[in-house]
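Each structure below appears as structure tokens.
After this come two complexes, each holding chain A, first together with chain B and then together with chain C.
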Partner chain A sequence: MTPGLFLKFAVTSFRKEITYRFDYLIMILNGFLYVFIFTSLWRSVFTSAGGTFGGFTKEGIISYTIVAMVVRISFSMDDGVIPGKVRDGSVALDLIRPVSFQMMNLAQNAGYSAFHITARGIPILIVSGLLFGLHVSAGSLPASVVSLALSYLILFLLNYSVSLLSFWFIDVFPFILLKYGLINLLSGGLLPMDFFPASIRGWLDYLPFQHIFYSPAVIITGRVAPEHAWGILASQAGWVVALWIVSALMWRAGSNRLVIQGG
Partner chain B sequence: MVEFEVNSPVIEAVGLKKEFSVSEQGKGFAGAVKALFSTKKRIVRAVDGVGFSIQPGEFVGYAGENGAGKSTTIKILTGILVPSAGTATVRGVVPYRDRKANAANIGVVFGQRTQLWWDLPTSDSFEMLRAIYRIKRGDYADMMKKLSDVLDLGPLMSVPVRKLSLGQRMKCDIAASLIHRPKVLFLDEPTIGLDVVAKENIRQFLGEINRTEGTTIILTTHDMNDIERLCARLIILDKGRVIYDGLTEGLRQRFGHEKVLEVEFDGRSPAKTALPNLEIVAENGSKISFKYLEDGRSGGLAAIIGKLAADFPVKDILVREPSVEVIIRSIYEKTVSLPPYDGQK
Partner chain C sequence: MDTLKIYAAMALASLRARLEYKVAFFAFLFAVIFFYLAQLGALLVVMVRFKEINGWDMGQMAFLFGLLTFSQGFAALFFNGLANFDRMLIGGEFDRTLVRPLSPLAQIIVSKFEVSTVAHGIIGSVALYYGAKLSGIHWTFWKAAALPAVIFGGVLIQGGIRLAVTAVAFWTLKNESLVHTVVFSGKEFVVYPITIYNDGIRFFLTFIFPLAFVNFYPAQYFLDKRGETLFHPALQGLTPLVGVIVFSLSLWAWKAGVDHYQSSGS
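Up next is the complex of A and B:
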């Protein structure tokens, strides 16, 4: 897919979001409320307990929480699109185009997320930073950008692979719920990995989830120094490659058994 | 890339089969619970050994009852479905193996779904297609102008697709399938749900595209008038198999000895059994339609009409050749039988 066409797909889905999202003020409030609740929680815990926990100071955990939650809000993706198209058969109309299904979905996702970054992520980041105090590492900017891009791809590929299960199962909602549970618990979006017992953390290193929100958040907030960030970026890139291969294999197997519902 | 040879068939299908497995679930709550533990699977063969070969520039009607396998064949040829067995090529490309290359060569219209972007103004959908098919600006402007002139798309361009009427949407969908000047066009029920005027406009346009652009067109439809008006060649499918592949006119000539006689009586009309060679097919007040079967003994149609006029007060008589629709209906109802189809035209 050419960059021009990618952009066109992305812009189209961005515009579609604008058309339908007149409730975005409520969505900003909802996102902000999450940041407010969790930063307040950590503030009172760290104030009453004193000192540090899991290597975090009070200021450190608040910055981490703001960054991880803003990334989580910004990287909104619509899980229902592909299962919906398979369910009503309109996936056929995507397949009559001379474009890669995966790249088209990535482009449409990027447009969708671009809306959530501008309409929700950035305003929430600015307001939360001013109200609760945000410290980021200026020297980590290049590594941060790369890490965010890789974490976006990991999240997309996970969502895309789960969506492709709709080629096998008519109802993929249970799988989507399971994926949500795993991401909420294990990605660092709510809870940094440092708070898990060492025995569990060892196992979590074999899973991609921590590279979704934890890895970019520790690089952006400077918990990991820029010169040590490259190891994290390398394993993020490794997961992108692995998940890309998984989704390509799933696509190949799934398209063989695709059924177009409704004739 | 393989250059496509001009003289070889543009579409070739050999022994295509497509099987779907359908899981069956019993009735009600008990059935749902049972389905959790054991799934009874049934294999449905939607397409069962379909083969044909289509030359460039042909306009082929692809007919059959619901579930005969028409749409499934079209979906194999457009690269959406992978056949369970058999092979197919479209302009030398195997559609289900090289979907994207095939997609660039073909245009597709599914009458029951729109390929336009539901939320965008119609013009944006066409701009999107220009980007997808990488059409040069000059070529795009030329084709767009041609399509707009013939289909009168101008006033529709600024309207969001979701606000178009069915007829307007179909015009836009057909234009969308042709914007990249495909050499092969697949039309799956393009006139479904349209009124008579809209149908007629679309038929005229399709005929013209076939003549002027040399586009090979495969048309599936339930409306036999579409086929009679447009398709020189007709392929009929029944239960996933080809049962007729030949000239549309040939079908009529073969079964043309069955004529329809429409008679308007002035008052008294004959009882059902009055005439041995006439069978009442429709009755509408004083107007009665008969099916006339030539059996070579009763002195031909003229004698029958003479007898009818002598015995009953006849006001008006009209003799019609049976429409393709009537012929096909009688094939399905097994009132006429085709000789076994041997794969030859």
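Up next is the complex of A and C:
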């Protein structure tokens, strides 16, 4: 797919999102609410615990929470698109298009997320930073950008793979719910991996989830020094490759068995 | 009496419709339970690490979560038919309910059997049971009698909030994210004891958006937490009354909405 075409898909889905203005104001409120609840929670337990815990200072955990939550809000993706297309058969139109289905979906998701980054992520980041205090590591900027891009790809590939299950199952909503449960608990979006007992943390290193929000958040907030960030980036990249292969295989198998009932 | 019969018949029909697809029914049930277990898992990790949140230990937190989830399940059973109400309005389906011999609200309530109720019921009762056991609640006659009253009040509060927010659609038509924010994200506030928030939010959750009465205040009563009363100790016993007030106000807002309603024409 050419970059120009990629951009065109992205811009179209960005425009689609911007039409509902009231919804958008409420969505900012919704995102901010989570930042507020969790910064309040950490402030309370860290005060009781004497200010530092699990390698975090009180300021550190609040910065972590703001960054992880803002990334989570910004990386919103629409899970319903592919299952909807398979159900109503319009996926057939995508099959005859001379572009890669996966790249087209990535482009549409990028537009969708670009809207959420500018319209929700950035305003929430600014307000939360002013209200609760945000410290980021300036020296980590290059590593942060790379880490964010890789975490976006991991989340996209995970969502995309789960969506592709709709070639095999009539209703994929339970799978989407399972995925959300795992991401909420294991991605670092709500709480950092450092709070898990050491025995469980060892197992979590074999899963891709912590590379979605935990890895970029610890790099951005400087909890991991820039010179130590490369190892994390390497495993993020490894997961991108692995998930890309999985989803490509799933697409090949799924689109081959696809039968569209007559319209 | 006739109304009740119609109600029962319609509720049964919607349950049968859901059970028609058994695999989907149980897959969904499993997924919802898993989703809540993951949420509980996050809370468990915090409790294991920090031992307590503002003086609430593991058992007390479980009890708090149980009260919320259990009454949420019942509220969902009765009021989840309202979930996509704005689509009913925009699509003109609401007009159909106006010409039938049962109140429009009752028809919407029974239009869909909510599977997640079962999941909430299971998770809520397990959390309540273990929470009560872990925190060693001393069950007096009054406490045992108060539990159903508190659940009843909690259902009315949560149901009332849903109804009021849904009624906004009569004026704005589209209100999906408002419903999502108020109904689903709003309750995240009271997963934790509201003493972790600043005074403004405590006031808000007590007097304006009174979710704290669903679990926080009654839990203080059940757990004999006297040291940290908020505003006034009497609030601990007011859940059923607050429930009735919230629900009456919402019903009034809903009726005003129905009177205001003009068909979209589609």
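Following the convention adopted for this analysis, the second predicted complex is superposed on the first by the 256 of 263 C-alpha atoms of A that agree within 3 Å, B and C clash if a C-alpha of one lies under 4 Å from a C-alpha of the other, contacts with A are read in each partner's own complex, and residues count from 1 in each chain.
Here is the rule we use: a contact is a pair of C-beta atoms (placed from the backbone, for glycine too) under 8 Å apart; a residue touches a chain by one contact, two chains touch by 3 or more.
In this text, all values refer to a predicted model and were calculated from it rather than measured experimentally.
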Worksheet item: Of the two partner chains, chain B (first) and chain C (second), which one does A:Ser90 touch, if any: first, second, both, or neither?
Response: first
Worksheet item: First (chain B), second (chain C), both or neither: which does A:Leu191 touch?
Response: second
Worksheet entry | Touched partner set for A:Leu207, first chain B, second chain C, both or neither | neither
Fill in: Touched partner set for A:Asn256, first chain B, second chain C, both or neither
first
Discussion item. Quick check for you: in the superposed arrangement, does A:Gly54 touch first (chain B), second (chain C), both or neither?
Written reply: second
Practice prompt. Figure out whether A:Ile126 sits in contact with chain B (first) or chain C (second), or with both, or with neither.
Written response: neither
Practice prompt. Compare chain B and chain C by how many residues of chain A each one touches, and report the one with more.
Written response: C
Item to complete: Jot down the residues of chain A that show up as touching in both complexes, chain B in one and chain C in the other.
Response: 20
Practice prompt. Going by the contact rule at the top, pick out the chain C residues touching chain A in the complex.
Written response: 24, 27-28, 30-32, 34-35, 37-39, 41-42, 45-46, 48-50, 52-54, 172, 174, 176-178, 180-181, 185-186, 188-189, 192, 195-198, 201
Response to the item:
Within their complex, chain A touches chain B through residues 2, 4-5, 8, 12, 15-16, 19-20, 89-90, 92-93, 95-100, 255-256, 258-260, 262-263
Worksheet entry | chain A-touching residues of chain B, taken from the complex the two chains share | 20, 71, 75, 78-82, 99-101, 103-104, 106, 108, 110, 112-115, 117, 119-120, 124, 127-128, 131-134
Practice prompt. Note which residues of chain A are touching chain C in the complex, please.
Written response: 20, 22-23, 26-27, 29-30, 33-34, 36-37, 40-41, 43-45, 48-49, 53-54, 170-171, 173-175, 177-178, 180-182, 184-185, 190-191, 195-197
